[in-house]
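One chain, chain A, links the two complexes that follow: it is found with chain B in the first and with chain C in the second.
Moving on to the complex of A and B:
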């Protein structure tokens, strides 16, 4: 255990009960978030990113169950009673989502929604709360903040709504801010602004940030450490430079090699990962990436590779020991 | 205007009447496409980029006459389309087809894959016999990588990537010359996206197709397009050959877009982490005077406020900026 761990997740599993049987959304997840760091989590849709953090926040859907352990500042918080969780959520950790509109009440002014958070958690007067909100909006660079408090969410652009969500999340000065695809719905220009803002907040307030996205470009810009998810499992975890420069998992290679990149010469064809992600209703005995992997050997079909250290705080879950680099543009 | 162009678009306007804000909610005109001119050569891929709301989808739909145009001209092989009635348009619809962004939403959930792909054949080639139609459907399915056995399945049984293959098959089955792809891979997962991009490139080579390829993602457009058109608030900012555009963008808006593309390399990404522009797209209902981009442009001056820049040729590119020479120099 790292001495500076703020959040420790141990053996976390999330399972949903459905009419067609259980869905194993997150399996045996171990990770930590350190104070003041940005932890990036990357993976394709359905890989269990959102459910991991919803479980941490105690916000899983009704048919979902989380098992394992989640400690915040050394105290177990997984499956706490609702009241305790509500307090914790406002006070010490907050989460923002891809689509800010769904997290806002369209019939309440932005000011009303923001002050409510404060009155509830901090027992401030209306007046004090209002002043705090203006300051928070200013800290996310929303101009004319006092006037904006009386506006409704639909009167804001997508980028501004995401700023408002960040400002609201910061009102109670949380130690941990979880951002689930915070820029996926935004234009690249606005995305760049939001990422710069998150970076600034981390430096100013020392907030630890979890940045969840399917975009390796976004992670590269902000994260200190990165974890890669596939089929509800962590397949690789490393410091950002070693993940991009010396990745050790075939799936990470696939993700990095199959996207068109502006920093590389244009190629005639893209490398591809064949097939598609598995259905999480079944639990394979072997490696979940096996049907798509260019490095398969017999053992991959039989045994789930555990997440183990390959040196230098670099973890990966793969049986293959040789060099990567086999992924070529398919002919 | 070149004689060989497959598609010629001149001064195209698409306006929407909308209610303005305030107590009286006056009727206002939203200029979603504003004086747009460009050509598409046979066999080329023209990329179209711009932020959300810049008119990319509106332009795509207007070219195919899926929505009415307000003014201007669209000619396919020299034939003016904007004045044709439905009946006269029908034979031309075979030549131009569209692939949409959201694969599942654009397919009728009650129809089988076979029925979905056969539908444009029935509508546009009604005299084709059943057996031939079936043949065509199967051949097209094979071209896009769907299995014959899947012909009687329903869209919800397919993943996003497969659903997009159905969408592509539906567009290709009538053997069009021009396919307008409106963000065909934006909704797809990373590992599926590259499969579909490769498919589109293969089909182009195999069938000699011409694409208009609309996308948010400038890295994808660089991969697939021969020329790129940059739109901003319904107006053309720049049209340039791919390599020149990415190596040396002349328009300040093109530069802003390119500088914001995230690079999946932490060393480069952090070096580039310069101050991003703080301003966002102005309301399309209250366009700035002069140059539409001036509220966000670092080079804007009095002339940009007073005078709308026209699209002009500089070094073999087309750029709408009073100060493009500053970047060209």
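Moving on to the complex of A and C:
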């Protein structure tokens, strides 16, 4: 365990009670976020990546339950009572969401939605808070900040709103900023600007950033380390360059091979992963990726592969020991 | 905002004209007339009476005459309540309806809104089920059942309140009619409030507010309440008018001198001017309160305000 761990997640499970029985969204998750690093979490829809961080923030839907342990700076924060959570959230850790169009309250001015954070966490007066908010907007490169504070979210573009969300999240200089698909709803040029902004702010404030996305390109741009989620489990975790250069899990291979590349002829077909992700209501004994895996062996059907070290800060959960690279583009 | 109001007022003019025209000709198309009652008038008398009210003229002339009178704010004489005008009848009845309806509406908001909010916050808990079942009952039981029950229990048996009559608006005489009118309204308001609150509480910006660490009280009052009121406002526009005008049954049961009675009697007696007057009044109320609802929308929602 790294000494500079800011957030330690141990054995985290998230499950939802539904009319058709429990759904296991996250299973036995172990990871840590170090101070000042960018941890990328990648996976497809329903892989549990968002629910992991909603659980950390204590923001699970009412029918969701989290078990295990989450420590922020050495203190247990999972399932804290609401009152304690309100002191922690938005102060020491903050979260921004996918769609900046709906993540801001359309009925309140941008200024009101920013100042309330400082009024609550820092007990500043509205006027003092306003001055700090102007500075925060300027730090995310929004010009004419003082005037924009009295505007409403619908008067901002999507990219601007996400900047406002980031500025709001950073008002209290949190140690941890969780970004759940921060650029997914934005167009590509705006996406690049937001990523550059996150990188800049990380360097300026030393904030640790968690970047949840299904976009491997986003991870490659910003993350120091990556963890790959599949069916509510971590299947691989590594430094970003060793993941892209020497992935060790068949699912990661599938993900990387399904990204279009500029250095291949345009006629080349993209690889796809056959089949569909498993139903999270059932819990098979074996590896959840087994039905779709090109390297499947007998043991895969019987035993869940544990997440083990395969050298140099590289973890993976797979029984297969041979060489990868068998995955061919669709004929 | 001002332009919106002006535009809506302008649109109201043709709307009213259509309503006036339609009801004018529909009324005349109905068989019978104001003076073809059970007891036949001698032909000579009937002719005289019809001439007095210009009913012997071609219908287009009558229509034109009526329009010019309305423009002067004159709804004409009542054909059935002799020796009084429609204006006088409205002036006499409307305050009763406004008082009863206004109190009922206030009561409904005062009780229904918190009820619905609490149900939303305790979603799927006992309180939610109890209050929503109660609301369903409030909507389902018609007021001609509620009113006699209330009279029986609180007036006849317990002698706490008078059973009826207006008594120049004495407060104790108002309690039962107001409660009768308010019960279904409370139920509607509570259900609407619960539904919209539940929806708003599931919206992404509420999650953002919680992620900012705001205490639940602030999340509800500052972030959720105002958006949750919007469906209520669109309901209240027509509901206010319904309450003010649709209290005919309640007026009848409690013997209140409101307008509803005139509307029904007027229609049965082919009292053309009276029915027309009340119809126009109702139409204007509907237009006015829908406009008020739109203005409130703008006051609450900056996106509407700036359109």
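Basically, the second predicted complex is superposed on the first by the 326 of 331 C-alpha atoms of A that agree within 3 Å, B and C clash if a C-alpha of one lies under 4 Å from a C-alpha of the other, contacts with A are read in each partner's own complex, and residues count from 1 in each chain.
Throughout what follows, a contact is a pair of C-beta atoms (placed from the backbone, for glycine too) under 8 Å apart; a residue touches a chain by one contact, two chains touch by 3 or more.
For clarity, every value in this text was computed on a predicted model and none was experimentally measured.
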{"item": "Clash-or-fit label for the pair chain B, chain C on chain A", "value": "fit"}
{"item": "First, second, both or neither for A:102, with chain B first and chain C second", "value": "second"}
{"item": "Partner chain in contact with A:173 - chain B first, chain C second, else both or neither", "value": "neither"}
{"item": "Where the C-alpha centre of chain A sits as vertex, the angle toward chain B and chain C in the overlay (nearest 10 degrees)", "value": "70"}
{"item": "Residue contacts on chain A - larger count, chain B or chain C", "value": "B"}
{"item": "First, second, both or neither for A:258, with chain B first and chain C second", "value": "first"}
{"item": "Which superposed partner A:32 touches (first chain B, second chain C, both, neither)", "value": "neither"}
{"item": "Touched partner set for A:67, first chain B, second chain C, both or neither", "value": "neither"}
{"item": "First, second, both or neither for A:128, with chain B first and chain C second", "value": "neither"}
{"item": "Smallest separation in angstrom, by C-alpha atoms, between chain B and chain C in the superposition", "value": "6"}
{"item": "Shared contact residues on chain A - chain B and chain C", "value": "none"}
{"item": "Chain A partner contacts - residues on chain C that touch it in the complex", "value": "123, 203-205, 207-216, 218, 222-223, 226-227, 300-303, 306"}
{"item": "Residue ranges of chain A touching chain C (in the complex, touch as defined)", "value": "57, 59, 62, 82-83, 85-91, 94-95, 97, 99, 102-109, 116-117, 120-121, 152, 154-155, 165, 168"}
{"item": "Chain A contact footprint on chain B (complex, rising order)", "value": "51-52, 159, 161, 189-195, 197-198, 201, 216-220, 222-223, 246, 256-270, 273, 275-278, 280-281"}
{"item": "List of chain A residues in touch with chain B within their complex", "value": "44-45, 141, 157-160, 187-193, 195-196, 199, 214-221, 223, 240-241, 244, 254-256, 258-263, 266-267, 269-274, 276-277, 292, 329-330"}
